[in-house]
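Taking it in order: structure first as C-alpha cells, then the write-up.
The letters A, B, C and D name the chains in turn, as written, and every chain counts its residues from 1.
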Amino acid sequence: MRKPLLAVPFASLFLFSFASAQAPPAPVTNLEAKDTPNDRGEQVDLSWTVSPDENRAANPVIGYQILAAPAPDSPFVPTGTASAGSKQATAKDGLKNGKPYYFKARAYAMDSSFAESEVAGPAVPKGQWWNTKPNYTRIFIGMVFLVGAILYNILRAKKKELYIRPIAGINAIDEGIGRATEMGRPILFVCGLGAASDAATIAAFSVLGRVAQKVAQYQSKLIVPSYDPIVFPICQDVVKGAYINAGRPEAYSDKDVFFVVQDQFPYVAAVNGIMLREKPATNFYLGKFFAESLILAETGFQAGSIQIAGTDELIQMAFFIVACDFTLIGEELFAASAYLSKEPEQVGSIKGQDWGKVVFASLTILGVISVFLESKIHFFSLFKKLFVAE
Amino acid sequence: MMRREIPLFITSAVGFIFIIRFFIPHEPFGSMEDTASSWIQVIQAFAIWLGVLNLLKVSLDKIYKKEKGWGYAGIIILSFLAISIAGFFFPFWESQSAGDSYLQHARKFQYPGTSFDWFYTYVYAPLSSTMFATLAFFIASASFRAFRARSFQATLLLLSGFVVMLGGVPIGNVLFSWLPQGWQVSDIADWVRNVPQVAGQRAIQIGIALGIISTSLRLILGVERSHLGGEG
Amino acid sequence: MPEMVSITIAGFLTLGIMSFVYKDNPIYKFCESVFIGVSAGFWFVSIFYQSLLPQLTDKIGLTGELADSALAYYRQSSSLASAQWFNLIAAALGIMMLMRLLPKIGWISRWPLAFVIGSIAGLRLIGELQTNIITQIKESILPLWAPQYVDGSLNLAASVGQSLTNIVLVAGILTGVIYFFFSKEHKGVFGGAAKVGIWFLMVTFGAAFGLTVMSRMSLLIGRIDFLLRDWLHWLG
Amino acid sequence: MSPPDTSTTSSGQGFWEKFALLDRRIIFAFIFLALALPLFYTIRQPIAVSPEGRAYYEAIENLPAGSKILLSFDFDPPSSPELQPMAEATFKQLFTKNCKLVVIGLWPQGPQQAEKALASALLDTLFKDKKLEYGVDYANLGFMAGNENVIKKMNSDIPSTFPSDYKGNATASLPIMRGVKNYKNFDFIIDFSSGYPGTREWVQFCVDRSGSKMIAGNTAVQAPENYQYFHSGQLKGLLAGMKGAAEYETVSNQPGKGVSFMGAQSVSHLIVMLFVILGNIAYFVSRRKR
C-alpha cells in the first residue's frame, strides 16, 4: 500500500488553528462501505451519519478523513477526505481490485483533535462489465436506434434514389459560379477553421468538388486558402480530381490551392488581403467558422462579392445570415452536401437523421402529454420514468 | 494497404474503443482509452508543429522563387525566428535563479519579465486583440446594412436583435423606465434570450448533433474516406 | 527594454492593424506578416515546453526533473504502469504526422491522423447524443399548464405567464425541428409549421447577433483603453 | 436562406437615398468616438443583475470555506477585456473564502492570462496579510494540448494528464495536489472560455460524465450557446461578457473595470441602434419614392 500522502496536506488545513486543547469531537456513526458501482474498480464508496459536533460553537468538526486497511487489526492508512457536511466519500488511494478492505472515518475538529468511527467492511473493490445508470441505458438505446436507422437508409439509398427536398441555397451555388464566369473574376472558397474530421469540413469537401468541377468547365479561376495543414492537401486532391473529371487537368495549378497559416486572426488577416487584392466575384464560406465569420463577410461585401455561407457553428450562423447573400443553416450544410454529391452514404445519412428527428419530436410530444396524464394512465407514468427520471 | 486500409482500421478500432469504454467500465477498456488519450495529446501537439513548419515551407518557397510579396514572407520568417529564439535560448542572457537546473530554468520561458513574455505582451497580444477588435466596426456596419424591415422574417431578425441590444446595456432600462415592473427592456430581452432563442437553438443543435453523429459513424465504419484525401 | 518603448511598439502595431478598416495599406501588410510569424513562433515554443516536454520526457524520467516521490507516483498509478514504452509510440506517431511535409512519404501521416479521427469520432458520437439529444429531450418535456403558487394560493397571472413560456418553448423546438426535416417538401400544414420554425430561427439569430454587439464593443474598448490609458496616459 | 436584398438602388439624390448608401467608414468613426469619449467620464448607471449572474456569485458564496476549486482558462488575449475582469473578481472572492485554487488551460495562452489575473488579485490589500503560498493555496498546472481529450482524461487521472506544473515542478509534489486524482477531488469547477475547447466541452465531458458542479464565465458571444446548460442545471451559474463581469462586480460589491466600461457600452449601443433606425427610415423613404 502507498505511503500516507494525505497526512501532510490534511494537517496543513489546521495551520491556522491556535485554539488550546478542547473537547475532542464525537465520531461519525453508521459507517458503511461498499464497492463503487459502475466503475473500473479500485474504489469503494463510504457513507455515514455526520458527527453531531459539526455545528457546535467551540472547536467544531471541519472535515473527515477515510482510512483503510486490509484487515481490521492491521494499521489503517489514509485513503480519502471529505469536507464537513458531506455524508459520503469515495476511497481510492491505493486500493486494489479483488482484495477486501476495512475502513474507518476520522472526524477532525478545529484544533486537529479527532475521533475515529467503528470499523466498517469488508468491501471488495471491483470493476463492472456494464454501466447500469439509467442515462447510460438511454444513450445506448438511442445509439443503437440511430446507428440502425442510418445504416438501413444507406443500404436503401444504394438500391434506389431517395428523395431530399431542394434547399434554397443550392441554386445560389450555381448562380454564384455563373456570375464569376460572366464577370471574369475568380471564386474564393474557404473551408473554414475546422479539422479534416469535422462533419462541417467533410460536407464542405463535397461542395468544393462540385464548385471546382463547374469552375473547370466554365474555365474560370478558383482560389482556396487553407487554414489546417491536414485539410490543405485534401483540398488540393479534391480540386485536382474535379479538374480531371471535367477533362481539364492542365488548368489545375497548385498555386491556387495553398496553405496560409494555422492561427485564427493571422489567417483572417491574410484572407482579407486576398479578397481586397483579387476581388473575387463569389465567396464561399463552408465549414466551421468562429469569430472571423463577420470579418470575412464584411470584407467580402466591401470587395463587392456575392457571398454564400454554411456552418454548423451556432453563433456564427447569425452573422452569416445578416452579412451574406445565402446561408445554409446548420444541418442544411450536410443536406446540401448530400444533395449535390448524390452519394448513397450521405443521402442515407440524411434520411437516418430525419428518422432521428421524428423520434425526437414524438418523444417530446409524448413526454409533454405524459406530464399531464402520468397520474391517470400507467403507460405515461412509465414513459416519464424512462425518459425523465435520473 | 499501408496507405488506406491501415488508417481505416486504426480509425475504426480507436473509435470503437472510445464508444465501448463509455458503456463498459471494466478493464482493460479504461486503460486503453487513457493510453489512447495520452497519445492523442502528443499527436495533436505535433499537428500544431506541422502547421508551423508548413508555414515556414510556404514562406521560404516564396522567398526562394522571388514570388510577388516575397518581402512580406521574409518578415514572417524574421518574426518567427525572433520569438522562437527568445523562447528557446533566452536562458543564455537571463539570469538563472539558484538551484535551478538548466531545464528548470528554461521552462520559465514565459515568466513575466522574460523576452518571450515581452513578445507575448507587446507584440502578439496587441496584434491579435486588435485584429479581433476590428469586429466592433464590422458589427456596426453589418447591422446598419442588414437590419432593415424588408420582409416579415427580416423584421423579426431586426426586432429581436434590437431588443436584446437595448436590454443588454444599463441605459436601456433608464430610457424605458416608464415600462411597468417586470416588463423592463432587460426583462423582455431576457425572455427573448431564454425562451424563443433557446427553442430555436435547440432545434438547430439537434439537427447538427444528428449530422455529427452520422458523420462520426461513417468515419468509424470507414465509409467516409474524404479525410484521407484522393490519391493512393 | 524600457516600458515606454515597449508600449509604443504595441501602440504602433495596434494602429497598424486598425488602419485596415480604413483601407488596405502597406503598414497593415507589414503588421499582418509580423503577426503571422510571431503567432507561429508562439505556438512552436509553447507546444514544446508545455505539451511535448511534459508528455514525452517527464513521465518516463528522461529529464530527471521530477522528484523521486513523484516518479514513484506515476509508476504506481495503474494507467501509467507501462507508459514508458507506450510514450515512445506516441512520439513515433507524432513524427509520422510531420512526414506530411515530405511529398513522397506524406501518406504515412494518415496513421496518426486516423488515430485522432477515430478518437474524435467515438467521443462525438456519444457526446453529442448525451449532451445535445438525450438531455435536450428531457429538457423539452415541459408542462403546458404550469400553475404557480404564491404562499399556497394559485397566482393566475404568473401561471399563465409560465405556461405561455413553456408553450412557446415546446412549439419553437418542434417547428424548428420540422424546418430541418429534409424528406418532405415544405407544403400544406407541414410547410406552415416549417415557416413558424423559420420565424423562431430568425428571432434566435437576431438575439444572437444583438448579444454579440456588446462582446465586440468590449474588445474595442479594451484596445482603446490601452491606447489612451497605457500608451498615451490620457486617462487617469 | 437569403436575407433581404442589400443593393439599394438609388435613382434620386435626396438625403435619405444617399444615407442608405453611407460610406461605412463614417459609421466606424462614430463607433470609435462612442467608445473612446465615455472613458474620460464616469457614467453612473444602475446595473441590473441577471439570474445567471446572481447564481454564479451565490454558487461561490455557498461553497464551504477552504474548498478545492479547479479553474480552467480557455481564452487568449483578444477576449481578455471581457474575461479578465471576471477572472480577477472570481479569484478575489475565492481567496476571501480561503479556497484552494488549481488553474489549468486548454488554450496555450490561458495559463499566462491566469498568471496575470492571479498577480492582480494577490496585489489586493485584502490578501497581503494572508501570505498566500504557491503550491499550497494555489497552483498553475499550465497548458495541455488535446482539447476535449484532456478534459476526459482528467476524469480518470489529473496528475498524469498534467505531469508538471507551469513552473516545471512535478504536479504530484505540490501540497495542493496531494490526494487529487480526478474531478471528484474538487468541490467545484470554474471555466473561463471564449470558444472551442470551452464550456460546451467541459459540460459534455466533465459535468455530464463525472457529475461535478460547474460555473462558467463566457464571452458575450459564446454565452447564448451555453444558456441552455444553465437552464438544464448542467451549469450552476454563468457570466456573460463584460456585462456579466459588471454584474458580478456589483453583486460581490467590488466595482472594477467591468462596471466602468459599461458606460462606453451604453453609448456605443445607442449609436449602433441610432444607425439602424436611420437606416430603416432611409429604406422606407427611398422605397416610397421609387
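Here, contacts are C-beta pairs under 8 Å (C-beta built on N, C-alpha and C of every residue); 3 or more make two chains touch, one makes a residue touch a chain.
The shown structure was predicted, so the numbers you read here are calculated from the model rather than taken from an experiment.
**Student:** When you take the mean of every protein CA atom shown, which chain's own CA mean is nearest to it?
**Tutor:** Closest chain centre to the overall C-alpha centroid: C.
**Student:** CA centre of subunit A versus CA centre of subunit B: separation in Å?
**Tutor:** 14
**Student:** Using mean CA coordinates as chain centres, what's the subunit B-subunit D distance in Å?
**Tutor:** Roughly 15 Å, centre to centre.
**Student:** Roughly how many whole angstrom separate the Cα centroids of subunit A and subunit D?
**Tutor:** 20
**Student:** Residues of subunit A that contact two or more other chains, please.
**Tutor:** Only 139, 143, 146, 196-197, 229-230, 233, 261-262, 265-266, 269, 291, 301, 314-315, 317, 319, 321-322, 329-331, 350, 353, 356-357, 360 qualify.
**Student:** Hunt down the residues of subunit C that sit against at least two other chains at once, touch-wise.
**Tutor:** 17, 20-21, 29, 32, 35-36, 39-40, 42-43, 46-47, 51, 55, 65, 78-79, 83, 100, 109, 113, 116-117, 119-121, 123, 125-126, 129-130, 133, 136, 138-140, 170, 173, 177, 180, 198, 201, 204-209, 211-214, 216-217, 219-220, 222, in rising order.
**Student:** Return the residues of subunit D touching two or more other chains; collapse runs of consecutive numbers into ranges.
**Tutor:** Residues 1, 3, 6, 24, 28, 31-32, 35, 78-81, 144-146, 149, 152, 156-157, 160, 168, 220-221, 224-225, 228, 231, 243, 265, 268-269, 272.
**Student:** Once you draw an edge for every pair of touching chains, what topology comes out, line, ring, star, complete or other?
**Tutor:** Its topology is that of a complete graph.
**Student:** List the residues on subunit A that touch subunit C in their complex, please.
**Tutor:** Counting only subunit A, the residues touching subunit C are 2, 42, 135, 138-139, 142-143, 146, 162-165, 167, 195-197, 229-230, 233, 261-263, 265-266, 269-270, 272-273, 276-277, 314-315, 317-319, 321-322, 329-332, 335, 350-351, 353-354, 356-358, 360-361, 363-365, 367-368, 370-372, 384, 387-388.
**Student:** Applying the document's contact rule, which stretches of subunit D touch subunit A when the two form their complex?
**Tutor:** Touch residues, subunit D against subunit A: 1-3, 6, 24, 64, 66-67, 78, 136, 175-176, 178-179, 181, 184, 187, 195-196, 221-222, 224-225.
**Student:** Which part of subunit A faces subunit B closely enough to touch in the complex?
**Tutor:** Those in contact with subunit B are residues 38-41, 127-131, 136, 139-140, 143, 146-147, 150-151, 154, 196-197, 199, 202-203, 205-206, 228-230, 232-234, 237-238, 240-241, 258-262, 265-266, 268-269, 291, 294-295, 297-299, 301, 312, 314, 317, 319, 321-323, 329-331, 333-334, 345, 349-350, 352-353, 356-357, 360.
**Student:** Note which residues of subunit C are touching subunit A in the complex, please.
**Tutor:** 17, 20, 24, 28-29, 32, 35-36, 39-40, 43, 76, 78, 100, 106, 109, 113, 116-117, 120-121, 125-126, 129-130, 133-134, 137-138, 140-145, 170, 173-174, 177-178, 180-186, 201, 204-206, 208-209, 212
**Student:** Which residues, counting only subunit D, touch subunit B once they are in their complex?
**Tutor:** It comes out as residues 3-6, 22, 24, 27-28, 30-32, 35, 45-48, 50-51, 76-81, 109, 112, 115, 119, 144-147, 149-150, 152-153, 156-157, 160-161, 167-168, 220, 224-225, 227-228, 231, 243, 262, 265-273, 275-276, 279-280, 283-284.
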